[in-house]
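In what follows, chain A forms one complex with chain B and a second complex with chain C.
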Partner chain A sequence: MLPKGLEKQINILDFSLMSLWRRKLKNLGIMFVFALVIFLLGSFQMLTGALTNSAQAVLKNTPDITIQKMSAGRQEAIPLAHAEKLHSIYGIRAIIPRVWGYYFDESKLANYTIMALEHDSMPYGNNLNLTLAYGHFPKKTEIGKAVIGRSVHDILGLDKRRIFSLFRPDLTLKSFEVIGVFSQQTDLLSNDLIIMNLTDARDLFHIPELMATDICVYVTNPTEIETIAKKIAGLLPDTRVLTKSQIQKTYQVVFSWRSGLASICLLTALAAFAILAWDKASGMSPEEKREIGILKILGWETGDILAVRFWESVLVSVLAFLFGCTGAYIHVAFFDASLLKPIMVGWSVIYPSFKLLPSVTLADLLLIFTFSVLPYLGATVIPAWRSATVPPDSAIR
Partner chain B sequence: MFLNSWSLGLTLAGLIILALGVFACRTAVRILRYWNPQSDSNLQIKLENEIWLASTLVEYGLGFQILSVVLFVLAADTFCQVIVGAMCATGALLANSYGMPALLVKLAGIFVYGFWIVLHKLDISSETYPLVRIKYIYLLFILPLLVADITLQTLYISFLSPDIITSCCAVVFGSSDKTGPNLLEGFSQATTIFLYYGTVIALTAMGYLLLKRWLVLLAALFSAGWIWFLGLAAIAIITVFSSYIYAMPYHNCPFCILKPEYNYIGFALYFTLIPASFFGLTTVLVEPFKTMNNLAGAVEKYQRGAISFSLILLLLLTALSSYHFLLYRISGGE
Partner chain C sequence: MRPSHKLFILLLVLIIIDSMLYLHAKRLSRGLKKDQAVQAISVAALGLTDLCVATEARYTRHPAVSDPLAPFMDHPGAIEHFPTGSFWSVPTNMYLQ
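Here is the complex of A and B:
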């Protein structure tokens, strides 16, 4: 036996369902538009979560500290002599110079990222080979060998061939042999990447010997990273010292900033929808007025009619919420958020083909709920009250 | 840090609640000015209809406010990932001086709106609406609270910058030597546990007695006991129970228990503690209205309901909070 109050609410819910069904066209129309708005909001939220996750997974392997030489506020090549000065600091595990830069391929109209480092002197350096679909990273002695990302492989049209060439600044050609390709999991970072030897990279970019783009520092004890970073900054005042956690935070801020911007744009759609909902709810047809008048004459109170209207709003918005969120999940998980990804990750020709792993937490769903259902309920409450207080005698006359 | 979907969601929810409150207060002003139960003019009939509007708006406001508190804590938990040095919601809330006040005002809001709804239910149970004036004067006092709520929240968000170094929860609530401020040190675990279970037993006994025989003094003691218990339970959760839930002796945080890693047990704890305290507290607060014409029956009915409801929730809370603690004591942990 149910408590009396609960039984009454269940009966009212039953009545609301039937009342919604009697006006299917109007209600389904509202629900469809609402689900569409929720779909867009949800897609952005889930896409942000997925991007943050994949960035975090890949950034796990970034160096603990990165040192860049600054001159007049811009980054420039750092002499290897700088690295020598760091040997006095205790707790540093390895110091690895890196040469990297961008290469614009004029014939394919694509940007590649070129990266060169001595991976065999890195801690866990051999683990890097695990990120490859096949092959291995070029060793110090292997001149003219390269590992490339999957998109680079496709764009160069290599297929089964192993040799490709790039232009030096003076337009002479330098050829490379592919000895490995990155696997799909690291696509976000490795898609446009070409990894080669330090000597080759200096040759390709015409960077003088004993110079590097930046210096990576690995620290034995992770809790000492901040302290060591401070010491490095003191020893090398002309450099910018970046720690791993700073880089991770920056990624997160960028993604959340972009999704916030997208939410602001969607707020206009939401406002338009709230106005539509308000309008639909306040424009009552004579039949609806008659219906309420008859209910009141039958003994329904204002509170009961308000409850009917409340349940109607809840049913419409919760159903729309479920449809919208399911749609958003399918969009992100199976279609890689193809509608929105260019906004979030930039528009470079090479980017849009990495796989996304959506992560949906209760918190995300609650946020989408706040963004969509709250405004809807808020917009329909006053029209609902207006309809509930129609004087019965004038309504059925 | 406004350009973030969490900040925007919170602001949107705050604005909607404020809008509902302003509409409700418009009705309140009209009723306080023109209410005349003897009259049967058009205006009086209109006003009687508007009572429904105000109550619906406040009920919606309460529902939205509960959602907004949860959202606020979850947002702080997300912000902590970009604030240097913060590791969970504690660090994010302490990142500037508006975080904790905003949370407390939000929580107080739940109690204040909830009590208005109790008054309203009592009021409409009588045909003469004896509480109309009190109810709507009270409603006008809610508006400043709403404004304070959204102002503090907005200040918190706008002064939140991802560069400030803040303490993480391990420093703020944990015992440490000289690493930073410590909110809750000096509470011995044994004393806290003793007081916690002692109060649970005392409250249950008082509630049982009150259900048998009504005594105003005992009821006052019962409600006062609930205020004491609300604070005590918060301290017990922070200093004792949380570390059993985390299975880490030095992790004492009231917010991390809300995370999926701990099966959202924090929601179960707070969603029993807060309503239980609300019903326990309001038991004596409605007492003065017993003398109003034909409200005695309704007030008594509410008091009996509130006492039994608070006791049921109290037992649930005790079971939920003791689970990890006893599990550790009996079987030696996970």
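Here is the complex of A and C:
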């Protein structure tokens, strides 16, 4: 036996459901649009959260300090003599110059990232071959060999072939033999990479022997990274010094809620929906007015009619919230966020498959709930009050 | 059947679906942890700084190490034209200099 108050609410719920069903085209339409807006907001949040989480999880081992030479506000090649100057700073464990840059493949319209460094001197350098599906990384003496990302392999159409060529700046061709391909597990990092020998990279980009693109610095005591970075910045005033924590912070802000035009568009869609909800809820049809009048004549109180309106709003908004959030998870987890992916990758020809774990946190759900359900309830409360206070005689006349 | 009973059945179905999705997330998380261990090796041994998500512009391929003003640096008065530039925010100026 249910308590009397609960029984009453269930009866009102039944009435509200029947009332919603009587105007199913209008109400299902509103619920569909509402669920769609929540779905887009939720997908955006789950995708960006997943990328931020992935970045935090895997970018823990970035170089302690990265030094880039700046000229006229742009990065340019750094002389290796700068690395020599760093030996005077106590606490530096290793200084490793890197040559890297971008190669635009005009026939495929794809951008590759070319990278070269002495990986044997890097942390985990001996385990690097574990990141490959097959093959090995080029040794110091292996000239003209390269390891490539999976998408590079696909876009070059190599199939069983192992030789591919890239143009030097003077348009002469340089050939490479593929001696390894990155495994699928590292797609999120290595999809567009071509790793080669330092000599080959210098030859390809026409970078002089005594220059590098940037310098990675490793520090003995991790608590001294900031102090040593400041010393380097003082010693090499024409450089930009990036620390590990700065690189990691980048990914906390680059996909944040307030970032980007996409989130503004989504919030605008939400605002437009709130206006639509207000308009739909406030414009009472003569039928609805007559219904309220009859209910009042039958003895319903204003509070009961308000309860009906409240249940209607709660049912529409909470069901839309549940459908929207469930759909958003399925969209990101099973369909690789295919609706947001084109915005995310833009004109990129190379991009990884988004095998990501959608980020679902209580804070995010509450945020979406606050941005969607509460404005809807707010937008319908005043029209509900107006409808509940209609005098019965004027309503049925 | 009362309409409220139909609603409770619908809510039950949604709860079952969401529970299955929760279990899916747990399993996916275990799989991704294995991948992340391999990814961590490549990050450490190659000194990688960024995720390879968008490869169209250097400031979205390598936002951590590229010039923060790059979208407007191609020529004086140049406006941003890469689609990803509108989705990715420019990193805040966190450099030492």
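Please note the rule applied: the second predicted complex is superposed on the first by the 371 of 397 C-alpha atoms of A that agree within 3 Å, B and C clash if a C-alpha of one lies under 4 Å from a C-alpha of the other, contacts with A are read in each partner's own complex, and residues count from 1 in each chain.
Here is the rule we use: contacts are C-beta pairs under 8 Å (C-beta built on N, C-alpha and C of every residue); 3 or more make two chains touch, one makes a residue touch a chain.
Treat the numbers as computed from the prediction; the structure is a model and nothing was measured.
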item: Partner chain in contact with A:I10 - chain B first, chain C second, else both or neither; value: second
item: Partner chain(s) touched by A:G73 [first = chain B, second = chain C, both, neither]; value: second
item: Touched partner set for A:I330, first chain B, second chain C, both or neither; value: second
item: Between chain B and chain C, more extensive residue contact with chain A; value: C
item: Touching partner for A:L242 - first (chain B), second (chain C), both, neither; value: second
item: Touched partner set for A:I96, first chain B, second chain C, both or neither; value: second
item: Partner chain in contact with A:V253 - chain B first, chain C second, else both or neither; value: both
item: Touched partner set for A:T302, first chain B, second chain C, both or neither; value: first
item: Partner chain in contact with A:T389 - chain B first, chain C second, else both or neither; value: first
item: Which superposed partner A:L366 touches (first chain B, second chain C, both, neither); value: first
item: Chain B and chain C footprints on chain A, overlapping residues; value: 246, 249, 253, 256, 259-261
item: In the complex with chain B, residue positions of chain A that touch it; value: 44-45, 48, 245-246, 249, 252-253, 256-257, 259-261, 263-264, 267, 302-303, 306, 310, 361-363, 366-367, 369-371, 374-375, 377-378, 381-382, 384-385, 388-389
item: Sites on chain B touched by chain A in the complex; value: 2-10, 12-13, 16, 19-20, 23, 49, 52-53, 56-57, 60, 64, 67-68, 70-71, 74, 77-78, 81-82, 84, 162, 260, 264
item: Chain A-touching residues of chain C, taken from the complex the two chains share; value: 2-4, 6-7, 10-11, 14, 17-18, 21, 24-25, 28-29, 32, 34-36, 38-58, 60-67, 69, 73, 82-89, 91-92, 94-97
item: Residue ranges of chain A in contact with chain C within the complex; value: 10, 13-14, 17-18, 21, 51, 54-55, 57-63, 66, 68, 73-75, 96, 98, 102, 110-111, 113, 115, 117, 119, 122-125, 127-128, 130-131, 149, 182-183, 185-193, 195, 214, 216, 229-230, 233, 237, 239-243, 246-247, 249-251, 253-256, 258-262, 315, 319, 322-323, 326, 329-330, 333, 343-352, 355-358, 360
